[in-house]
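A quick write-up on the structure given underneath.
Going in written order, the chains are labelled A, B, C and D, and every chain counts its residues from 1.
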Amino acid sequence: MAGFDKRVYSYEDAMAGIESGMTVIAGGFGLCGIPENLIDEIKRRGVRDLTVVSNNCGVDGFGLGVLLEDRQIKKILASYVGENALFERQMLDGEIEVVLTPQGTLAEKMRAGGAGIPAFYTATGYGTPVGEGKEVREFNGRPHILEEAITGDFAIVKGWKADRYGNVVYRHTAQNFNPVAATAGRITVVEVEEIVEPGELDPSQIHTPGIYVDRIIQGCFEKRIEKRTVRD
Amino acid sequence: MALTREQMAQRVARELQDGFYVNLGIGIPTLVANYVPEGMDVMLQSENGLLGMGRFPTEEEVDPDMINAGKQTVTARSGAAIFSSAESFAMIRGGHVDLTVLGAFEVDQQGNIASWMVPGKLIKGMGGAMDLVAGADNIIVTMTHASKHGESKLLSECTLPLTGAGCIKRVLTDLAYLEIEDGAFILKERAPGVSVEEIAEKTAGRLIVPDEVPEMTFE
Amino acid sequence: MAGFDKRVYSYEDAMAGIESGMTVIAGGFGLCGIPENLIDEIKRRGVRDLTVVSNNCGVDGFGLGVLLEDRQIKKILASYVGENALFERQMLDGEIEVVLTPQGTLAEKMRAGGAGIPAFYTATGYGTPVGEGKEVREFNGRPHILEEAITGDFAIVKGWKADRYGNVVYRHTAQNFNPVAATAGRITVVEVEEIVEPGELDPSQIHTPGIYVDRIIQGCFEKRIEKRTVRD
Amino acid sequence: MALTREQMAQRVARELQDGFYVNLGIGIPTLVANYVPEGMDVMLQSENGLLGMGRFPTEEEVDPDMINAGKQTVTARSGAAIFSSAESFAMIRGGHVDLTVLGAFEVDQQGNIASWMVPGKLIKGMGGAMDLVAGADNIIVTMTHASKHGESKLLSECTLPLTGAGCIKRVLTDLAYLEIEDGAFILKERAPGVSVEEIAEKTAGRLIVPDEVPEMTFE
């Protein structure tokens, strides 16, 4: 069964093949469900001129924010950035190109990329700067804009549990962009908290079927909280 | 007197109906959850992938894997569902959310809304706002009627880059509740003690004032 | 909590509001995971001129096949029909209009209908009779055709377990078209084998979140097998 | 001699690689599963929503909720995943399946395939075939080289309505294994005891015959 054993045992192996200039799709929302260690490995490797596709860009010193320190990101597609002083400076200085993309459109572009749908129409963004230069067409009496799919050279994903076949489940809202990101990578790498034996995951309850996954690695996670909010 | 933030939330809460799925934006919209009428149940959708958002957690319950769209730690209520961002925005874009409440910088008489970008200022992004306004039939915008400098936010035409075009039908400000119809704001209710004249003066867009403009009441 | 209690206690209530001329989207693949009793209720009501959207059309005397007996179906969108003598006769006689639709395109049209995507491009069907009359556009050097979303007045769905909020899980491959059908109905009715208490279903493991569901009914199912195949 | 159905399946199985996700159509393609080489593992995808299709069930295991795309009762192997039709075809359309094997009525030298419709005959539908041929990079068509009446099925141009355009690169018939390149069939292998002349005679499309055309061997 070597053919379906997707486990790797070092982060170096997990990100083998990543090169400067590549497009990396990352799961996560804010700091929740982000592939912390895969990001750190990208930093360690020092690859540059990356195009990053991710809902957010981490914070100073954590998450995708660490890739800003050595200016590894050339361009980012995101819906919300700038929780992050370094990011703001690089954006204002024109060192990083930012393509702001509505959150739902971003998710759908990843889903479309994975699903072999090259483009779709959506009402989201019509009449706004997002719609500028895009084809407009009316459906059901309402204008829509054409949005194209996204795929990446790599997708980096944070799961909860996986089996060696690459079947993955996510925990709570750490799911977010991870399942769609996982479908859209030419090489999809998933880091998880626990690798379980095949058969332990209920086949009907798998969020990401193994067919989308190329490499699985078990890691340890800090899981930093961005806005700790409690009730009395 | 202008409504307080709490009163604004209270007024919006009167638009809730039992069984509504509701998406509440950051700020005043979030407060609406505190004023769900007794005996009524609404389900909160958080666009990061949570239907059935519960209260904030206790210290013991805090879980970094359980947050809302504002990135705050939250809990899930019994009967909640959690799903991917693609599924979450399928719900939103597909019009399955019954009511969306969100803030704005400007709204105009065509129902356009500007809420995400002030040129020259740092742009952080639209997040899910463009999807929300494009997907919901039923949106209530909450904002102050005028800026701190007294400039109206209810315009004949938005001056800032739009979040969505022709999608807003209802606006609650600190002075009034208005509906947008056929290219005009229709003054439906006014804040207690606020005169129609004051509202008219602070509304730059076309305003239609019916014969009766009831005053809101709060307990 | 009356507002989210979607249970109904008779099939008459479950299909209340269905009228002649409406479009009905049905879950199921072959005879697996079909909303048997909801179909029977449509038969009982005698509504006619229905447009049915379903991967298949049942067999003689079971599943959607029963709606053929009194000629209740005017038009059907399906990927594979005619396991069914009555269907063949009505098709050949021109009594029923059949729009053959590739299986994946059919699923994607339902998903798009539920997700507010009015249309999408796909390579499936390009250069075939399915592509005739449809817009062709090249993406990534390959021609694609434009396909539009489907929504229905009703969606009829077969689940395994649900809570009263309408959260549904499916069992094994009885899932098939059901989750996408569930998203695409103006009124979505789900019949299940068991209604459980809220909280019994793991929130992260719900196939159809309750927001898509209007009515839930608990029923008994024959679950007829179309091709019983066993090994020794 | 022409290959038997079993030999055809055996020959196709040589195209399998360890770790391949494979979709097998009805008929001869289904038989391929019986010839997976020792020590090699492949995962079968069934387009009704099952990745990791197992053996047929025993009488006791038969479950009406567990079928394959041919509507046969099946089992799931350990490590299988089950999902919706939309997800299943996302996999297929998105090119995630490594190998697709399916039958056909005709294939032509442009890589067009006709497999679902004979005008004048009853049309039952294309099922998932159009999605499969449009989605896979790697397709092997299995069919007899000629019809019962001796008419070639490898044509310069398909006569029947297409299932997909320009998507077939490999064909295994009962007489030969061929690849399609630049508008021609390239004869790669011939069935044991079948001459190049016979294949040429039964191939209506443009055929390129290399100097060496090895004979297939079977144990």
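We adopt the following convention: a residue touches a chain if its C-beta (ideal position, glycine included) is under 8 Å from a C-beta of that chain, and two chains touch if they have at least 3 such contacts.
Predicted model, so just to flag it, every value in this text is computed and none were measured.
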item	value
Neighbouring chains common to chain A and chain D, by label	C
Distance between the centres, which are taken as Cα means, of chain D and chain B, whole angstrom	55
Where chain A and chain C are represented by their mean Cα positions, the distance between them in whole Å	32
Centre-to-centre distance between chain D and chain C (centres being mean Cα positions), rounded to whole Å	29
Where chain C touches two or more other chains, by residue	108, 111, 115-117, 122-123, 171-172, 175, 203-204, 207
For chain D, residues that touch 2 or more chains besides their own	76, 82-83, 89, 92-93, 134-135
Touching pairs among all chains present in the structure	A-B, A-C, A-D, B-C, C-D
Chain B residues within the chain A interface of the complex	46-50, 55-59, 62-68, 70-74, 76, 82-86, 88-89, 92-93, 112, 117, 122-131, 134-135, 161-166
Complex interface listing, chain B residues touching chain C	17-21, 40-43, 45, 51-52, 76, 78-83, 87, 89-97, 135
Residue numbers on chain A that touch chain B, as the complex places them	29-33, 55, 78-83, 88, 91-92, 100, 102-108, 110-111, 122-130, 143, 160, 171-180, 207, 223-231
Residue ranges of chain C in contact with chain B within the complex	1-4, 111, 113-117, 163-165, 167, 183, 198-199, 203-204, 206, 209-212
Residues on chain A engaged by chain C in the complex (per definition of touch)	108, 112, 115-123, 137, 139-140, 144, 148, 169-172, 175, 202-205
